[in-house]
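Labels run A, B, C and D following the written order; every chain starts at residue 1.
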């Protein structure tokens, strides 16, 4: 089945699932998103764009930003990054402090909140205006110079950041945060508040399908080896503490966010983004996960 | 054996133990205290004062302040306090966040840091200048109007408060902190920085020996019932996660601080304070614990 | 108020509480106990016996046996016992394995199941017929030569012992169990299945009120010092993970069992036993705890 | 570079690494294995066999047996299996009981010991002589009718099975084990004691490279979909709590054992087995992990 047919099939089949799950409610901006939306986009290395549903409706990318912040930190630090953050699945919820205490303030991986705060701390140390660097990368990767954050969401995130502040202070007490907690939280909340749509996000994943090179402009984002390794990290850690189940069902490297978006990649083939606001218990888009499972089943394409 | 002989005996016997244990080092003001000091005071309900060694050398009372902050919070809130903090031994170190996560931001008891932050939050809600209320109570209880905090210690505590900030933000994320984290931490650090000597602290314990009434001025501090209950709480939770061992060896309600002080009470009899800066692994004064164990052995007086 | 009046008062006041809580259901013999029973007995050092309600109805003493098994192990091992088991409140439920894993197979205290299994292991190493030694001690302490276990309860306990078997094997994997797991569990289940009534149990507590000497026959059971220390251990660890709350409310050293019994002691004064089958969430008798709280309130006697 | 050259290159480069790490010591049969051995085999779907070093020296497959036991349990139970065991990385060591307690006796995945015991319990329910079924599958997959277990290793495992007995009893207390604990442990220890060499094990992996069909005899072992999903599970859970790091460095689905073996698969391409007895801290073969990392680097073949 070709991609357009696959996407049409998914779009039709997913409709009854759009009633299930719960929209994130911890900030009013997310709680107020109309929940019955669904979009999906596939952008191939050859440049073909396939999209269905609300694939051009911008949404809050939230934790998907952690992937791109990590790319920038890896560019800056290389393997030294791993002294401050691990690369193992956490086995505990994304905002847990238990593991941090047992492991002396070193987060398990860069995709849980604590790890992303360390990554953001690195960006704060390396850049004069760290709020802008993830946005800048996403503009280059998507080819869309308009990519930016929603200031109301950024403010709201910042006002509800006590749990993240707890993690940041906790890591600082172990010496694993260099910049002031308030600064790191500001930058972190700006990253989470970036808004993009499925097509631009699918396109932003192409460098991972292309062994580290952005096909839009030929820019090498990461080495081929590091690009593959980042995909491996997405597979084992990219979908909160449901990564095992997600790998089992979908079989693609992916990163999700509580805004309902999930980005994924098929090596040497395409970037994918799906979005639907209602979340399952693990915090991943319910319809989005199912759509990706259908996608690999119908195309016969997973990495396994 | 009468009290003076007992104290003399302890003072002599404790000398070799003054080499053991480690002074607290997390702030320079504590790390710099000459470690080979030891003082002990017993003040009876009849008003007799017995003291040996460095019993009139002021030291940083640190967590001993948690006892007096709790007295004020109980005066203000009564049993409503227990909705926000438990009264069970924690089973984990005094600055652990693990239990907080499992129990939704409600600390196990008011004598671990998290619990004391909730107590301080209550004082912040109830008093215009909350920095002064614990000092005020200690002045009335000790009869010494000069009791105050060391501003350098208070500042230093505040600069090293990341772990406590983590707890405070964590509890705030569960709705169990009402005032701004910075405000609560400021007041908390001022309480910890109060300096007193053994005689004044032993005298400040008399209300607990006297069923809740301050014998110096006849003021009822707590009801007789609540006074007894507070002693029970000291026994089960007052000496960090060594409370079981302390009750086993010493058999008196007590509260310790990382400045090396320990206050204790014998119901209907006397208040006691011992001080020696070197701490055992649980954070209690090594020589202080031993001195109290000798005291109950030599006098045959414990609560059991 | 004198003891008879106090007990009458409690008996009347407790009636509405007999509907609350749940009988233990993990074995049919406990699940089938008529729940609306209540008995209480106080036996003074002078030999007076005061009792109300079902104070002469035998019940399954369950974990109360842990106290007497510990007495025997302390007689045999002295302080060496503490190398194999701690004396701190556990902070986790009585049948938890989490703490054992973190602390390399050394239970927190002898009153949680894991600790009692170590105590039983010691009795197995020291006695040819270890099933009989706790019964023997209770016969001497109560003066009742008929004290024995219920064989149906013992069998039923043994058939539902998987959780205890897990603990025993776990400790054995750390080298903290010397005898075969099956042997230790057999003896342990026999101890739990002992049946006694309130008057006999209250009398069995007198040695703790009498500084270690059984007043019935003048036999020294423990040294005065160890007797006091055992009382301290009961206070901090005797009522599962509600020991802090129990000390706060009742203020007496006590040990409870899931059969609904609670024994307690007032030093130099009397032994107490209360029984009512319905349990609160922590596994202590609901009406029994309340009755003891009333008792210390009405008599003004607690250890604090 | 072709496979023979790659293997030669690895064989030469790995020599200095053979001194590092520790042989498993919990049973004498493993402790006594000469540590400086290294073998590696690649068997392609076309039937080519490439091998270096000690690739034909039999070793104790240990936890590699968990993979094949799971295949049999999936054949028998299908998706119903997942009601009794999860498919998430554990985040804790392979023999931890902590997670079991928090999640009511349901192991995180079938590759940690607790999960493998549930899998073995299923085989015990389904087969008259469950000791033989994993051996039987491995004979069919490897084409070697001589595959069997080492009876001395099986006996030794059984004598040191207290930790596994603890897990089994613990799960039984939650109702997640149907057969007698002793029976399950017997069968489990026989599985762990199977001995095979690298060539036979690499061949036994071909069904996973071949979408579920054993290329030796055309037998369908699993559906294509389930075969892929099993590979996904190996990637996220197959190498103890180093699965994230292993995926990051190696990028292949794999399963390791404390005997020093690691099996891996490249979808649609080949089965791989590497063996070297010395283990890293996570319990994976130190040289084996490095050899697989070199293999994917040199061939440019990983799943990402």
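To be clear about the criterion, contacts are C-beta pairs under 8 Å (C-beta built on N, C-alpha and C of every residue); 3 or more make two chains touch, one makes a residue touch a chain.
All values reported here derive from a predicted model rather than from experimental measurement.
J.: Just how many steps, at minimum, does a route from subunit B to subunit C need if it may pass only between touching chains?
T.: Tracing touching chains, the least step count from subunit B to subunit C comes to 1.
J.: By the touch rule set out at the top, what is the minimum number of steps from subunit A to subunit C?
T.: Tracing touching chains, the least step count from subunit A to subunit C comes to 2.
J.: Please decide if copies subunit A and subunit B contact each other with the same set of residue positions, more than half shared, or with different positions, and reply same or different.
T.: same
J.: Distance-wise, how many Å sit between the C-alpha centres of subunit A and subunit B, to the nearest whole number?
T.: Chain centres of subunit A and subunit B, defined by C-alpha means, are spaced 47 Å apart.
J.: I'd like to verify one number: the distance from the centre of subunit B to the centre of subunit D, where each centre is the average of its C-alpha atoms, in whole angstrom.
T.: Whole-Å distance between the two chain centres: 55.
J.: Report, in whole Å, the distance between the mean C-alpha point of subunit A and the mean C-alpha point of subunit D.
T.: Roughly 32 Å, centre to centre.
J.: Which chains are in touch, pair by pair?
T.: All touching pairs, sorted by chain label, are A-B, A-D, B-C, C-D.
J.: Help me check something: in the complex, which residues belonging to subunit C touch subunit D?
T.: 96-98, 100-102, 162-163, 165-170, 172-173, 181
J.: Using the touch rule from the top, collect the residues of subunit C that touch subunit B in their complex.
T.: 86-92, 99, 108-109, 225, 228-229, 231-233, 235-237, 241-245, 247-249, 251, 253, 267, 297, 302-304
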